[in-house]
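The structures considered in this document are given below.
Look at the two complexes coming up: chain A is in both, with chain B in one and chain C in the other.
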Partner chain A sequence: MSRVGVFVCHCGTNIAQTVDVERVAEAAKSFPGVVYSSTYKYMCSEPGQAMIKETIEKENLDRIVICSCTPRMHEVTFRKMLKGTKINPYQLEIANIREQCSWVHTDKEKATEKAINLARMSVAKVLLNEPLHTSSIPITKRALVIGGGIAGIQAALDIADAGHEVVLVEKESSIGGKMAMLDKTFPTLDCSACISTPKMVDVSQHPNITLMTSSEIESVGGYVGNFDVTIRQKAKYVNHDICTGCGLCETKCPTKVISEFNQGLAKRPAIGKMYAQAVPAKPVIDPNACRKLIDGKCGLCAKLCPLGCINFEDEDKLVTEKFGAIVVATGYQLIEWGELYPEYGGGKYKDVITGLQFERLVNASGPSEGHILRPSDNTEPKTIVIIKCVGSRDPKKGKSYCSRACCMYGAKHAHQILDKIPGAKVVTFYIDVRTPGKNYEEFYDNTRHDGAIYVRGRVSKIYEEDGKLICLGEDSLLARKVAVKADMVVLETAMVPAVGIRELAGMLGIAVDNHGWVTEAHPKLRPVETQTGGVFLCGVCQGPKDIPDTVAQAGAAASKVIGLLNKDSMETSPMISKVDESKCAGCGFCVKMCPYKAITLEDIDVRQGPKTVKKTVAKINGGLCQGCGACNVACRTGCIELLGFKNNQILEEVDSLCL
Partner chain B sequence: MINEIKNACLKAFESGEVGYIIGWQATRFADKTTPLFMRSAEDVEKLVWNKYCVNSTAKYALEDKYPEKKIGIILRGCDSRAVARMISDKQLKRENLYLIGVVCDGKEDPICATCSHKTPVIYDVLIGQPTTEEISPERFAEVEKIAAMTPDERYNYWAVQYDKCIRCYACRNVCPACNCVECYADQYRTGWQGKAHNRAENQVYGLTRAYHVGDRCIECGQCERVCPMNLPIMSQTRKMLKDINDLFGPTECGLTIEEAPVLGEYDLNDREEFM
Partner chain C sequence: MSVKENWEPKILAFCCNWCTYTGADLAGLNRMKYPENVHVIRVPCSSRVNPQFIIRAFQKGCDGVMVCGCHPGDCHYATGNYYTRRRFMLMKRLLEHNGIDPNRFVCRWISGAEAAKFRDVVTQVSNQIKAMGPNEKFREPYYLEKEAE
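Up next is the complex of A and B:
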């Protein structure tokens, strides 16, 4: 006969104020199997735990129910406590009488009744709980960082500095990401390149970091501690082992195409580095632009190269490597505003540019060498309109969220214009000005002192008249229409997730929200982890943020990775799915349902009359299974059960309440 | 046509690859046939092909999942969809089957009036001329009739039906989408399905059955044909098919051997209006 102990927590007054805990404990005494019940002010505290342990000994309990807060809070705590006792840590049930009872009710009578019922259900379930045992899996002490922007760079450096091998994969030909495009960074106006390029060089020289540029993730298999990742190294057509990066090829290449790095404001050769400070500082050929690769003509670079690095026969290579942890740092891109905002010209006015284009214009290494010039005629604009929230905070046309960094870089742009163009006029249209960061508000204040005019309202239309861009808008504070004759308009456009994030998330078995931002395991308590064990995130791929937050998050993700890789093996949760092979029909519906790719079909030998035949059954990979239970629902036979939440346990809970 | 089918059977036996062939044979009643298992060329004589060949030949193959030789099956359109369904459910292996498809002429069964696939969708040999076919406008007529009722009327309608149900499970046994090793309704320890014979338990059975097969129903109508109490069972699965059609676009099940159950697949781009 089972001997159940019920422990009801007051949680200070959190529970006791709304639930009569004494009555709950008293009622629990009458539940089948219960031999002991009591209350305590804080069960999770040291004396609380000591009291439980003592009672287990004294009353010879073999399973316990704790009526307290959500199991997400302290289930782990109490399991740990049980490790030192004779009770298996999984012979424990938590009845959530705080979040699901005292916090959401006001009527003490009814709340107490509900708490008694919650306790009754937990007791019914715990009677069917079986002892479960963790197993351990070995850990490959290598990390993969996907994305070579500032987030990926910082994470890679931190992990590598801790002594673990890191592979940093970047889809472009150079690391650096968006930060490398920026001119100065708010609020201190440090030069972006001056603070990011040394880190890029550190990456390339770090003995623990292998850099794979022009590379993308092809497939991901395995599970925490033991991922098998196939990486596609795209053809570079230049042998980087012998190339010295002399740059002769790029100066002589006759083909010029639009430069993505300069946001379409300049041209680049078909062979070359992404930008002057690129890491690795070696050129690649763009197969979509190179005449030799398109129609077999030219080949000038190959003739000129003194070391014979050029190889037009180069092909993509697939490499498969093992990793223990993966960091997703895929960053963002700017929203394609053209189609969404035809009222701003939809891209037909050359002098309506995005914030990132402005960064290139104002950047000393940009196409105009830092002079702010109109793209249309290379003259200096005198009146500049800045429009914020283009695509952000606009659920009808763009995105519902705030892109967070735009208010500040908008202020920075205004500051830079006023600084560089004497007598310039800057009019910034805004919805709200959001400056919640250290020294941010002061920076915004200074910009207004510098003379930037802030108008609260949206611009409804931009049209061209006599070489000027007429911006019609509304000043909603003064309730009057505004028209500004501008020479140039800067749109501070919304951040959206990088292309391909959904495919990558699918490969990694991690979730993205409806915008495509990667979902963290818990918004507050597990902000850099994903729902999949061993996969971490940092930077804007999780949601818009500025550089300080990105770098902080990268460090946090790195520390999680280091914590994982410092272990030789790790415990797996025993609360995973289990297949009853005798009932399994091998239909494979569970395989399709599993978001973690933890289920495969496998042939097993079974006796069928006088012969042995191969029967197909579902097989769970204990390392990958996260215990979500999706497969349980997909299985019509009910032959997959989640240990710790077996069908009979849940039915028993329901029966105890309803019957 | 019967001679062509017989010739195809003889040829199959001649090849030596086929262990037995499933078809239909006459009974002592002129308007009834019964399944026939031909084990050699001599048995082929017994084969009949007439408007009373209403039994589905497909599901018997499930009884023999590990055959020594190929299982021959004579298929009408609906039987072929049943086979396709069972192959995509990984219950049968295509290489274990020899499929003699016959373009159906419609049988003495009400369901045949709304048939949209008289020509088999998979086969090794095809007998008869393929016909052009389209989905019957009457496909969801019954569903719409029930949907038009008020909730109370609808409840009463089904209450009457499930008061009749004797839970013989014939609808399950005949259904090609019902292919579990052990049906949930037969599991006695879990308590999914109460064994008492009353309206509530009967309704639980009806609902669960509909949900278990609804997104894979090939609309062969065998469930209604075998129901001894004449329950309009198809209108439940067709209700689900109609909803699936409305939500995800035109859907018919069992047309290829590689289709996923609509409600059994997880896709990031799925509609999630309820979220």
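Up next is the complex of A and C:
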């Protein structure tokens, strides 16, 4: 027979003035299972806790109910208190008679009655409480960073500097991401490569960082502290262990294909580095372009290589490694505007380019060595139209959101044009100009002072006439149609999540929103955590942002990872779901319900009369289960129970209210 | 049916630990006032609430039942309240089909910051159910032996 003790707190006068605590204690004596009840001024105080502990010994209690403030306040306190006693910390229930009774009611008679009801409900529940035990899981002190852009680089460096091992996985052959393509960064106009390449070199030289380029995540298993990640290292066809990166192979490669890094504005050989400052500074072969790999003829690079690094037989390798934490930093790409905007030529006019193409044009290491030249005829454009929000803030054609960085890099592009082409005319079409950042507004102001013309309105059509691109639009402030005869048009297109983010999110068990941006655990208070423990995010994969915000977020994600990896082990809550295997029918309905992928189906051996048979049952991973209880309700046989909130416990609460 | 003069309904509110329960605590902290006949049962997530609990409450003599959770999209467990939403859309129709006034069963999204909304919702539900009178559907028979005890 259970021996329940009920302790009613006065909370000074907070409870006692609207609830007759003595009457509650008296009434509690008559509840089934209750052998002792008393009141005290402050149960949470040191003498209050000492009194409870003493009573537990003296009255030989095996579970207690404390009628006090909200369990969100002192449940942890009282559980800690019980650790030193013979009662399991989970043999405790708290009746909330302050926040949800004494403070919200004025009629003492009715409030006391409600307090008695609440106490009775808690007693009914505690009678069915079971001793629960926290388990601790060891933590693998290694972090995986997915994505080698500036976000991933910064996060990897910060984690590695704190002394933890990091593996940085990048799907391209070099790290650097989009920032490596940029020419200058707003609002300070410092050269993007000058600030990002030293960091890239740091990554390659850091003793704690292992760089895996040309690699992708194949599968993810496990849970916080103990992830098993399989990484596919795509065939490079060049032995990087002996390659010195001399670059001889690139010079004679007869195949030339469109350079992705130069955004289609230049060509590259089938073997080579992604760009001059690539890290690692070693070439790879593009299997989709190499003649030797496609039809077996050529092999020129293998003959040239003085060290014999080229290996056409190279194959993809799968490696499985253990990690304690994962940082997602997969970044973005630009929206495919061609199909969405046939009125802008849909890609048929060579001189209608994207912002990223413009970055390559104006970049000293780009195809035109930093001279702004029209891609069609390599002449210097004199009149340039910049169109902002192409695909952004346009739910009908593109995306509903604002891509955040375009207003500023649009202003930067205008500044660079005016700076590099004397006498140039820049017309920027905008919806709004958004410059929320340190020194951003000043930069935009300066650009206008330099001579950039800002027209509020959209361009409705672009067509070619006498070698000029006629941009028809509207000046909505003056309510008139405008037309600009442009030599070149720059479209500041929307950012969209990197290809494959949905598949990756599926593997990691994290959520993405309807656009594909990774969802943070809480938009304000947990901005770099995901809903899956041990998986963090940083950079544009969470939503469009500029470089300062990306770097700040990367640092924040790194500090969360360091905090996790500094621990040797972590305690898991015992209030998780549990399967009664004898009742489980193995329907698998719960598997689909679980937002944490904590439930799997497994075959077990069961005795059926004299023989042993196989049976499929649901299995819950204690490291992944967060204790929401969604599976409980979905379970058709009622075999899953959430410990601490079991069906019969809640039903007892319901019943005892309705006595 | 005659209702006693001083009859008070019994209302049960299943509140998710992360939003509505916190909101109810905040209402207390701000000393907001609402009727005494609302009793809160804490659940980790509104998706933990089994439709069975609601039937049981009506069966045992509750006059109104509420299920409250985080706003859609804000669930602490990512998707729990979407399950709640679907389940209780059906539940409401099932109750109506069985002759229970659907106004006796209320499903609301109340965040941890919406103390005033919590107060307003429970006050409104309480008044509404008071006006409706005691629930007789689903009720277990009243055992005379109980009185003798």
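As a working rule, the second predicted complex is superposed on the first by the 494 of 659 C-alpha atoms of A that agree within 3 Å, B and C clash if a C-alpha of one lies under 4 Å from a C-alpha of the other, contacts with A are read in each partner's own complex, and residues count from 1 in each chain.
One rule holds for everything that comes next: a residue touches a chain if its C-beta (ideal position, glycine included) is under 8 Å from a C-beta of that chain, and two chains touch if they have at least 3 such contacts.
Here the structure is a predicted model, which means the values were calculated and not measured.
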> In the superposed arrangement, does A:P595 touch chain B (first), chain C (second), both or neither?
Replying inline: both
> A:L651 contacts which: chain B (first), chain C (second), both, neither?
Replying inline: both
> So, A:T616: does it touch chain B (first), chain C (second), both, or neither?
Replying inline: first
>> Touch test for A:R502: chain B only (first), chain C only (second), both, or neither?
In response: first
>> Residues of chain A touched by chain B versus by chain C: which partner has the larger set?
In response: C
> Is A:Q608 in contact with chain B, with chain C, with both, or with neither (first, second, both, neither)?
Replying inline: first
> Touching A:C587, do we find chain B (first), chain C (second), both, or neither?
Replying inline: first
> Looking at the overlay, what does A:V512 touch: chain B (first), chain C (second), both, or neither?
Replying inline: first
>> Just to be sure I read the superposition right, which of the two partners does A:A630 touch: chain B = first, chain C = second, or both, or neither?
In response: both
> On chain A, what residues does chain B touch that chain C touches as well?
Replying inline: 593, 595, 630, 634, 647, 651, 655
>> Looking at the complex, which residues from chain A come into contact with chain C?
In response: 70-72, 96, 98-101, 103-107, 110-111, 113-114, 117-118, 121, 511, 519, 531, 575, 593, 595-596, 626-630, 632-634, 642, 645, 647, 650-651, 653-655, 657-658
> Touching chain A in the complex: which residues of chain B?
Replying inline: 65-66, 89-91, 179-184, 187, 189-192, 212, 260-261, 264-266, 268, 272, 275
> What residues of chain C sit close enough to touch chain A in their complex?
Replying inline: 8, 10, 12, 17, 21-22, 24-25, 27-29, 31-34, 36-37, 39-45, 47-53, 56-57, 60-62, 76-80, 83, 87, 119
> Where on chain A does chain B make contact in their complex?
Replying inline: 502, 505-506, 512, 514, 582-589, 592-595, 601, 608, 611, 613-614, 616, 630, 634, 636-639, 647-648, 651, 655
